[in-house]
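There are two complexes below, and they share subunit A, which is joined by subunit B in the first and by subunit C in the second.
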Partner chain A sequence: MTDSKIRIRLIQVSMFAVIFVAWFIATETESVSNLFLPKLGDVATDFRDLIGSGDAWSPLSVTLFELVVAFFNAVVFGTSIGYLVSRSKFLMRAFEPMFSSMFAVPLIIFYPLALLFFGLGPGSKIAIGSALGFFPVVLNTINGFGHVDAGYMRVARSMGAKGFPMFRRVLLPAALPIILTGYRIGFILCFLSIVGGETIGSFSGLGHQIVFYAESMLTSMMFAYIIFIVIIAYILNSLVFYLEKKGNYY
Partner chain B sequence: MQQTSAITRNANEGSEIAIHAGNVTHIFGSDTDAQQVTALDDISIDVFKGELLCLIGPSGCGKSTLLNIMGGLIDPTRGDVQVGAAKVAGPMPHDVAFVFQESALFPWSTVVDNVIVALEFQGVPKEERSARAWNALEAVDLADFGNHYPGQISGGMKQRAQLARALSLETEILLMDEPFGALDEQTRMILGEDLSVMLSKTDKTIVFVTHSLAEAVFLADRVAVMSARPGKFKEIIEVGEGHPRDPDFMLSEKFGKMRNDLYGMLHDEIRKAVDGENAQT
Partner chain C sequence: MPIDGENRAAKAPADGASGAIAFGQAPGESWLRTPMATRLGVIVLIVLFWEFGARIYNDADFMAPATQSFVSLLEITQDPEVLTAIYDMFWQLALAFAMALFSGLLLGMAVGISRPTYRTFFPIIMMVYAFPQITVLPLLVLLFGIGPAIKVVFGFTHGFFPIIVNVIAGAQNIDPALLTAAKSMGATRSQIYRRIVFPHLVPSLFTGMRLGMTATLLGIILAELYATRKGIGYFTSFYAESFEPQNLFALVAMIAAAAIILNELLRRAETRFGRWRG
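Our next item is the complex of A and B:
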C-alpha cells in the first residue's frame, strides 16, 4: 500500500473513530439519554446476540429476496427499454427528457399507493424498488447505446460490420461502462427504497426490525440492526463496485 | 492559377484505374437548411493502381469527405465513384481498408484483437484470423505489444496497429485520413519512411489525406491540391520519385522546390478558408 493510500485509509478510519468516540463520551457522561442513544457496550452485546442467535437471517433473507427481484426487474425492463429507445434519435428526444424528469420526482411518495396495490408483504417493496432502480438503468442504457463515439462506428462500418457482430464487438463494449454505472446506482436505489419501504409499512425485513425495536424502546437492539444493515450495505456496494470495475477493464 | 475540376492521367498513362470518381458533388444539409454547405463541387479524378495519391488543401475543403465517398462511408449528393469495375454503394471491406487519425482502435480490445475483429467483420474464417493478425503485427514490428490495450501504447504504435489492421485485410486499396496527423514530427517522419518501404514491396493503391506539405511530397506519387470550400482540384503535381524513398530526399533541392510550390498554391486557398471562417463567426 502506497503512502497516499495509507493516509486516505487513515482519514476514513479516523472519521468513524471520531463518531464512535463522540458517541462513547455522550453516552458515558449521560449527556444524551440512553433511551435515545444507548451505550456502545450495550449495542455491541446486542449485536453479538443478533448474529449469534441467527435472528437476523430471516429478515435479511426477506430483504435480499425483495432486492434481487426488484433489481432483476429494473435491469430487465431498464436495459431492454433503454436499448430500444437508443436505436432512434426521435425516440431518444421523446423519452430521455421524460425519464430524466420522472427520475427527479421522489418516487417514494407513491409508496402508499404500492401498499394499496400490493399490500404489506414483499410485493409493495419489490414494486417501489423496481420503480426506483429502473430510472438510472434506463437512462444510462439510453446514454450508453445512444452516444457511442461516432469514430468507432465509422471504423466498424468501414470494415463491413453490421447486425449482431456490430452489436457484440462495438456497441455493447462501448456502452458497457456507462450501463454498469447505471446498474450500480440502480442497485443502491433499490436497496435504499426497499429498506426505507420496510420501515414505513411491512410484515418483515431489516427495515421492519428497526421500526419494531424502536417502537419497543429497545434502542440498543435497534442500533445493532442499523449497524448490521450498514455492514450488509457496505458488502453489497463493494460487490457491485467490484463488478462495475471488472466491466470497465480497459 | 487555373481551376481544374478533372484530373486526367499523365505520367500514369496506360496504368489501370483503381478508383474513379466522376463529377462528385457533396452537399451537407438539406435544401431548406440555412447552414447548408457544399463540401465538394463537381470533381473528377482517377487514382491509378499502385500509386499513392495525396490530397492536400485547406481545412474544410472536403479532403476527408472525398475519401469517405471513395470508401463508401458517405453517399455523394451527385456523381459516382467506382472501385475497379464496381460502383461504390457502401463500404467494400474486401476491396478498401481505412486508416483513420483517431478513435480508430477499440480501447476495449487488445491490439491483436483489434486486428482480429476487423478480420471477423470482413468474414475471414475463425481459424485463420489469429495467424493473420499476428503476421500483420509482425510486419509493422508490433508483435511484442499485441496483448497490450491501446491505452497502454504510444500514439505512433497505435497508428502502426491501425496500419497492421488495414494490411491484414489484404485489400488492394488503402484510404488513409490524416493517419499521422496527431503524431510528433519525428514519429511521423519514421512512419512515413516505413510506409514508403511498404509501398515498394506491394502494389497497393493509397489515397492519403494530409495537412503536411513535407509529408505529401515525401510520400506521394502525385499530390492533388484542393481549393478552399467548395472543394475542387486546383492543381496536380507529379513527384516523380520511386519507392522506397531515401530520407535524404527531404534534403534535396527538388524536395524543397516542390514543397515551396505547394505552399504557393495553397497559400491563397488557406487565406480564403480562414477569411471564410472569420466571416462566419
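Our next item is the complex of A and C:
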C-alpha cells in the first residue's frame, strides 16, 4: 500500500520536474523567445524583487479590499434571499431553476456595463464580484434550508420547538454544511471575477499588474506576478477550506 | 438490444407524465399557482423594473428601457459586422467545446478507468483546475495574437476541466463488481466499454458538458473582452464606451438568452439520460 503511494508521489513529482526541466532547457538554449517564456532564473529574481521591494502589497490590498466587500455583499444578499425563498415549497420551485439558469450566464458579459456605471475603480469589480458570488450562495442556501429532513422537523415540532430555537437547533445545523460549501464556491468565484475584471479594465489591483507587465513586454515580471497570484489563490483556497471544515465541525 | 427496446416502450407513458411534472403543475393546483406561471411573472417583473427603472433614471447615455433595447436588437442584427460577430462566436464556441469534449472524454476515461492512474493524476488535474486562468490570458495573447485562435484556445482551456473532472468521477463510480462479472463471463474489451463503461459515464458526462459549455462561453467572452477586434465582447465594450446603452443591453440580453437556452437543453439531456439509474 505504502509502496504504491510512493510510486504515485514519484510520478507526480517527476511530471513537474519534466515540465521545469523542459522550461529550463527551452529558455536557456533560446529555442523559445524569452518574450514568451522567460528564463527561470529571471523569474526567480523578479519574484524576489517583487516580495522584497513591497511593490506587490499595494495592488494586493486593492484586490483584497474588493474581494472582502464583494463577498460580504454576496453573502448578505445570497443568504437572506435564499432563506426567504426556502421558506415556501412554491417559491423554491419557482425560483431555484431561475437562479440556476441565471448562474449559467457568463455574467462577465455585464462587465462593460459595470464599468459604465461604476467606473474603472474598485466599484466595478465589487459589482461584478458580488453578482458572481451571489449565485452559488443563494442556490446553496435554498438547497440547505429547503431540504432539511422532514423527520427532524416533525420530531422537533412534536417536542414543542418553534421560532428561534427551532432555527438554531434544527434548521441551522442541518443546512450549515451545504451553505458553507456555497460560501466557499462563491468566495472563489468572487476572487476569479475580480482578478478577471482587473485584467479587462482597471488601473490598480493584481490583475492590472499582470496586464501592465505583459503589455510592457516584461514577461519575467509578469510571470512573477502570476506566481504571486497563484500563491495568494492557494492561500485563500486553503483558508476557506479550513473554515468550511471548522464550521461543519461546530 | 431487444431488452433495451422493451424498456423504452414501457417507459414511454412515464415520459409523458414526467413531462407534465417538469412543467410543474401538481394535480388540483390552479394554473396561476404553478411555478411556471410564477417564473413568468418574475421575468415580467424584471422586464417591467428594467423598463420603468430606465425611464425614471432617464439618462440616455447610461440606461435604455427594455422596449428600446428590443427595437435596437432588431436594428443591430441588421448590421453585417454584428451578425458576423455573433456567427463567429457560435462557431468558436462549437469548435472549442468540441475540442474540450473530445479531449476531456478521452483523457478522463484514461485517467478514471483504473485506481492507480486516478490517484496519480486526479490531484494534479484538480490543482490545475483551481488555477485562475485569467492570469495567463495576457501571455496567451502574446502567443496566439488577438484573432479567433485566442478565443478558441481560452474557451477550450475553460471548458476542458469541468468535462474531464466529471468524466473521471463517472468512471470512478462504476461498480467494480460489474466489471469483474463481465470479465468472468468472457466479455471483450469493446463489449465492456459499450455495455458497462459508457452507460455509467453518460449521466456525469452530461453534467460535465453542461458545466463545460458555460465555462467555454465564459472563456470566449473573457478573451473577447480583453482583446479582440470584432467579436461580441468587442461590441459590448464599444457600445458601452460610445454611450449606446440600448445596443449594449440588446446584445447582452441576447447572449444571456443564448446561454440560458444552451444550459437548459443540456440540463434536459442530463435528466433524460440519467434516468436509467432510477
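Criterion: the second predicted complex is superposed on the first by the 230 of 250 C-alpha atoms of A that agree within 3 Å, B and C clash if a C-alpha of one lies under 4 Å from a C-alpha of the other, contacts with A are read in each partner's own complex, and residues count from 1 in each chain.
Here is the rule we use: a contact is a pair of C-beta atoms (placed from the backbone, for glycine too) under 8 Å apart; a residue touches a chain by one contact, two chains touch by 3 or more.
Everything numeric in this text was worked out from a predicted model, so none of it was measured.
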For this session: Give one word, clash or fit, describing how subunit B and subunit C relate on subunit A after superposing.
Result: fit
Seminar exercise, completed: Check: subunit B-subunit A-subunit C angle from CA centres, nearest 10 degrees, reads 80
For this session: Using the touch definition from the top, say if A:V170 reaches subunit B (first), subunit C (second), both or neither.
Result: first
For this session: Based on the superposed arrangement, let me know which partner A:I11 touches: subunit B (first), subunit C (second), both, or neither?
Result: second
Exercise. Which holds for A:R157: it touches subunit B only (first), subunit C only (second), both, or neither?
Worked result: first
Exercise. Who does A:A44 touch here: subunit B (first), subunit C (second), both, or neither?
Worked result: neither
For this session: Could you look at A:V230 and tell me whether it touches subunit B, subunit C, both or neither (first, second, both, neither)?
Result: second
Exercise. Where does A:D149 make contact in the superposed view: on subunit B (first), on subunit C (second), on both, or on neither?
Worked result: first
Exercise. Just subunit B (first), just subunit C (second), both, or neither: which does A:L120 touch?
Worked result: neither
Problem set entry | Residue contacts with subunit A in the superposition, subunit B compared against subunit C | C
Exercise. After the superposition, what is the least C-alpha distance between subunit B and subunit C in whole angstrom?
Worked result: 6
Problem set entry | Complex contacts: residues of subunit A adjacent to subunit B | 149-152, 154-161, 165-166, 169-170, 173-174, 176, 249-250
Seminar exercise, completed: Within their complex, subunit B touches subunit A through residues 71, 73, 91, 93-94, 96-98, 100, 102-104, 106-109, 117-118, 120-123, 149-151, 169
Problem set entry | Sites on subunit C touched by subunit A in the complex | 24, 33, 35, 38-39, 42, 62, 116, 119-120, 123-124, 130-132, 134-139, 141-143, 210, 214, 217-218, 221-222, 225-226, 232-233, 236-237, 239-241, 245, 248-249, 252, 255-256, 259-260, 262-264, 267
Exercise. What residues of subunit A sit close enough to touch subunit C in their complex?
Worked result: 4, 7-8, 11-12, 15, 35-36, 90-91, 93-95, 97-98, 101-102, 104-106, 108-113, 115-117, 188, 191-192, 195-196, 199-200, 207, 210-211, 214-215, 219, 222, 225-226, 229-230, 233-234, 237
